[in-house]
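Naming follows writing order (A, B, C and D), and every chain is counted from residue 1.
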Amino acid sequence: MVRFAVLGCGRIGRMHARNLARHPRAELAYVYDIVAEAAAETADATGARQAGDVDEILAAGDVDAVLIASSTDTHLDLLVRAVDAGKAVLCEKPIDLDLAKVDTSWQRIKHRKPTVMVGFNRRFDASFQALRDRIHAGEIGKLEQVVITSRDPGPPPLAYIEVSGGLFRDMTIHDFDMARYLLGDMHAVNAVGGNLVDPTIGQAGDIDSAMVSLIAKSGALCQISNSRRCAYGYDQRIEVFGEKGMLQAGNQRLTTVSFWGAAATEARDPVLNFFIERYTPAYHAEIDHFVDCVEKGTAPLVGYQDGREALRLADAALDSMRTGQTIRLD
Amino acid sequence: MVRFAVLGCGRIGRMHARNLARHPRAELAYVYDIVAEAAAETADATGARQAGDVDEILAAGDVDAVLIASSTDTHLDLLVRAVDAGKAVLCEKPIDLDLAKVDTSWQRIKHRKPTVMVGFNRRFDASFQALRDRIHAGEIGKLEQVVITSRDPGPPPLAYIEVSGGLFRDMTIHDFDMARYLLGDMHAVNAVGGNLVDPTIGQAGDIDSAMVSLIAKSGALCQISNSRRCAYGYDQRIEVFGEKGMLQAGNQRLTTVSFWGAAATEARDPVLNFFIERYTPAYHAEIDHFVDCVEKGTAPLVGYQDGREALRLADAALDSMRTGQTIRLD
Amino acid sequence: MVRFAVLGCGRIGRMHARNLARHPRAELAYVYDIVAEAAAETADATGARQAGDVDEILAAGDVDAVLIASSTDTHLDLLVRAVDAGKAVLCEKPIDLDLAKVDTSWQRIKHRKPTVMVGFNRRFDASFQALRDRIHAGEIGKLEQVVITSRDPGPPPLAYIEVSGGLFRDMTIHDFDMARYLLGDMHAVNAVGGNLVDPTIGQAGDIDSAMVSLIAKSGALCQISNSRRCAYGYDQRIEVFGEKGMLQAGNQRLTTVSFWGAAATEARDPVLNFFIERYTPAYHAEIDHFVDCVEKGTAPLVGYQDGREALRLADAALDSMRTGQTIRLD
Amino acid sequence: MVRFAVLGCGRIGRMHARNLARHPRAELAYVYDIVAEAAAETADATGARQAGDVDEILAAGDVDAVLIASSTDTHLDLLVRAVDAGKAVLCEKPIDLDLAKVDTSWQRIKHRKPTVMVGFNRRFDASFQALRDRIHAGEIGKLEQVVITSRDPGPPPLAYIEVSGGLFRDMTIHDFDMARYLLGDMHAVNAVGGNLVDPTIGQAGDIDSAMVSLIAKSGALCQISNSRRCAYGYDQRIEVFGEKGMLQAGNQRLTTVSFWGAAATEARDPVLNFFIERYTPAYHAEIDHFVDCVEKGTAPLVGYQDGREALRLADAALDSMRTGQTIRLD
């Protein structure tokens, strides 16, 4: 049984709290949020105690692991404090928006050999795991091309955009991690982008549409297509192409029903709308894996350095878009 | 080079005339229709001569084969006369609506060992041929179940319904032939039907919706589903099920385009609307096969007795629907 | 909170016990099985008490509802005793194999206005519910045809076949209920069947393959296709056809991955293998609904008379297959 | 009736000759190839005369149009000579590999206002035309992203690679034209590539795998994915994404049959193997359109400047890959 505290009771924090409360091998001991009402509500819904502050949690003897789901600017500080307090950490992405700070923090905590996992939930999706397993099993021979389509149903509030670190660090970072999950480390990145969806995003200095090309160290190529708005739901598809064939992982819906009528045939439902709906089983599997790691003392599938590498790719993509240069990463 | 005359210049006759006019191994010598204007127009469009009457065609030395596409009630008489005149015959379905007449006519012409082919065009569809070939190649092991879906886009004019012989002899007859093509001869048939689409069809004494069950002599089972109206086009699907798996042949469209939007995803075009659009390549292949048979003196894939057997199944289905009895055929 | 006892700890009973143990509004108080080890194991896995006999459960003040998942021959007796003891009952299908007994038992208990639900789990499948909802919303206009494909991955043990009541009462009964769920009451039934899969099933006096035609009181037609063996998994599809179009509900898989290679393209995984995998969410929704009914005192979506009607259709199908007659039901 | 000569009787020239010979509004007068046997064989198959040299064709009074299907290095010279001789020209892609030469040749011939069409056959594919029509009809709102997948079944002979001008000018040039067909003129291009398929291609100084990003003048983004080898056939797909949704055009097969078995379900045939199979109807429509243009004196849908622009994009892509710079095109 792993005893958890959840820091941050926003949308994703509440989801994690609920999942932990029902997990057979986890116990949700505490929740905390700087907005006391949010924490109270989550405590209420899950039976957890509401902590008065973070220190109370870090000092608690009955907390083994901390799940950090607070705002991005607080992630790294909380992570370091939790590690210093001897806790295992599951931290939502990104670790931080500043690569240098990510590196210096690591220097400070690495001697503890901490159990730190970054919340790249997509690695725990059954279909994407099947892609990786079947690539590794040799089903498509040598892997040569990966095509990742990743489009959000709609843009976040402008206030979020402004502190998000920009599309590459906030949204594409998941795709960069997925590219590394399937292809390993990268050799070079090129990115183009635009402000096609919502002019206020452009006014805030960000883009809302992007296409990224990556060259892996293996020589394999990868494309990512991003949009902050997608009329038919949360578009999450991956195609992997190799010498012996191709595997595709497609979108998901609530039912299998299709409609045939005068105007259209085989029409399916819109796809699941956003990450909590689409990746529900993946979030459960993510917690399962983290609990396993804490119980057995094994290294998480996606650790601190994976969080760092995805951020480095995001920084390089931004650099590429600004300079028009393909950025080398080795 | 096989020299043809086409008898009957309605919708299907004109299509056959056009196909013959362009066929590399066929020559369209004559066309005839009791409506002289229809024949004239077809002659014009194809470069064929317009015959004054059927006898002119049957007497012509430069006619090897007669394609009968006139109204159903004239089929058998023309077929017999053409055979007697030494012509090969490709006759549209059904041969006739009266099984006894079909049998006595055969007695009269069989000594000539005539080349007679019945226009069950669906046997020449590439997808349905692939089903048969793959069944015979053992891909699904022993064949146990066949499910045929066959729905017309809309009912024919009431005047046609009244002389059609009824749904089973006019429409299902294609499905009965397809069942025999895939399963061989039949042991028993049961049919239920209804007048669900258009009350005037019921007033004319016919049904417009039917479901038929067949037991093949092999023991395998078959289901047919029919409707005279289908909102999304001409629904033509077949599913064959056996011990090692299933093969499905689906509907066809003009393009591969699918649409993803807020209300529906992966929405395809309506299916090809009716037999001439859907079975264009099959009609070409049918002519190819018949030309082959005439040139080489071989027996057509679908002969006089196949036309007779399909009619016998239609009669039995009607009998079953009226009596509530499963009708044995052996 | 509804307090449950589970009678019968076989495969389906264990599944129900697990689901109840985790249900937020249910409490699993007791389990019982005539094989004490089976009950002990289930008690162990769920934290429930193991009852010494059924009477202990029926007398228990802290049991509101009894879930009957024992062998079919015990269902009706347990149901009646539980109702007499004032318990709500969720009974696995079929209620019994003897229609007369089903009716006399109802006469005996109906004055209690009992809350009795029959475990036709498929009614709680999200895709099939969407079919029904969309039919009722008028999306395909008047409903004219229903096609139900229902094939098990492999036959049960011969010992089970022998006490099962035969294919129609054991397997098709689910499809009869689904037909009623979508189409309402039936006017007539016709059935053909065969022993195509496994000769020992035939030697036991049963069939393993069947095709059934139904005419609903509305005039709409329905086809069912059954097999006791299906190479690609548990085949569960429904097609509903009406004046404005068609809706199809398809099979389900663990992932969305498809493979494109030299021999085949767009190849998907085999479908979910059997009822517990395929209908997991439906079994949860079934319990939800029953708990709702017990808490609110409302009538279950699928009650005693629905169980009776499905059995009546099964009996009529058997009669039809034996006599070759279409059997009228009104 | 437009009277044609075909220059070049290789694979694609023979196909064009056959198509012209059967075209109702075209007449194939002459064929020519520097390999006399190739021309003789094509003449034989089509009933055309075999010209002794190109001058004979250019001087012939009964030739209205010249179809150039000879080797790439001869295209531009033949094009200019044919225009000078007053012929309409349908020229296979690319016009030439040297952009400067393309421009100076145009300066020389433009005063004639010649009817010159470039053989970008994919513009005549029914599915891709439907994409364009539906984009223009506003079905997906403002167009924001285009994703083109274009993979050949296998690499051409090394001898061909060596004179091909490289992957971008030989293969991607079709995709550059398709991008312009859907998106209009381009603002910038970035390309990455690799030698992943066959080392001898790399030794010949070429790549066999590429990913290209384009920014259109409209701001819309486009991705192209290329490979010289594809295990499942000739992969030709396009996805267009806009504010209101997405349209996809998929691969094509000979039949609609799918297989369901123990190892895989819904498995379709491999896709049509290469351009002649895949684009047969498009090649017919291309000729139709050209014949229309010659008969009516209208400008072809894809003219000399379209050929030039596709080449310019190919040159820029090569430049981008070599320098690591995104290349601006305005």
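Here is the rule we use: contacts are C-beta pairs under 8 Å (C-beta built on N, C-alpha and C of every residue); 3 or more make two chains touch, one makes a residue touch a chain.
This one's a predicted model, so the numbers in the text were calculated from it and none came from an experiment.
S.K.: What is the set of chains touching both chain A and chain D?
M.R.: Output, common partners of chain A and chain D: B, C.
S.K.: Count the C-beta contact pairs for A-B and for B-C, then tell me which is higher.
M.R.: When the contacts at A-B and B-C are counted, B-C has more.
S.K.: Sort the other chains by how far their Cα centres are from that of chain C and give me the top one.
M.R.: The most distant chain relative to chain C turns out to be D.
S.K.: Mind checking the centre-to-centre distance between chain B and chain C? Centres are C-alpha means, answer in whole Å.
M.R.: 41
S.K.: Hey, how far is the Cα centre of chain A from the one of chain B, in Å?
M.R.: Chain centroid spacing, chain A to chain B, equals 58 Å.
S.K.: For chain C, give me the residues that contact two or more of the other chains.
M.R.: Within chain C, the residues that touch at least two other chains are 140, 231-232, 244-246, 251, 258-262.
S.K.: Can you list the residues on chain C that touch chain A in the complex?
M.R.: The contact residues of chain C facing chain A are 22, 126-127, 130-131, 134, 139-140, 244-252, 254-262.
S.K.: What does chain C use to touch chain B in their complex?
M.R.: Within the complex, chain C touches chain B at residues 140, 142, 144-145, 147, 149, 151, 188, 190, 192-197, 209-213, 215, 219-223, 225, 227, 229-232, 235, 241, 243-246, 324-326, 328.
S.K.: Would you tell me which residues of chain A are touching chain B in their complex?
M.R.: 231-233, 251, 253, 258-271
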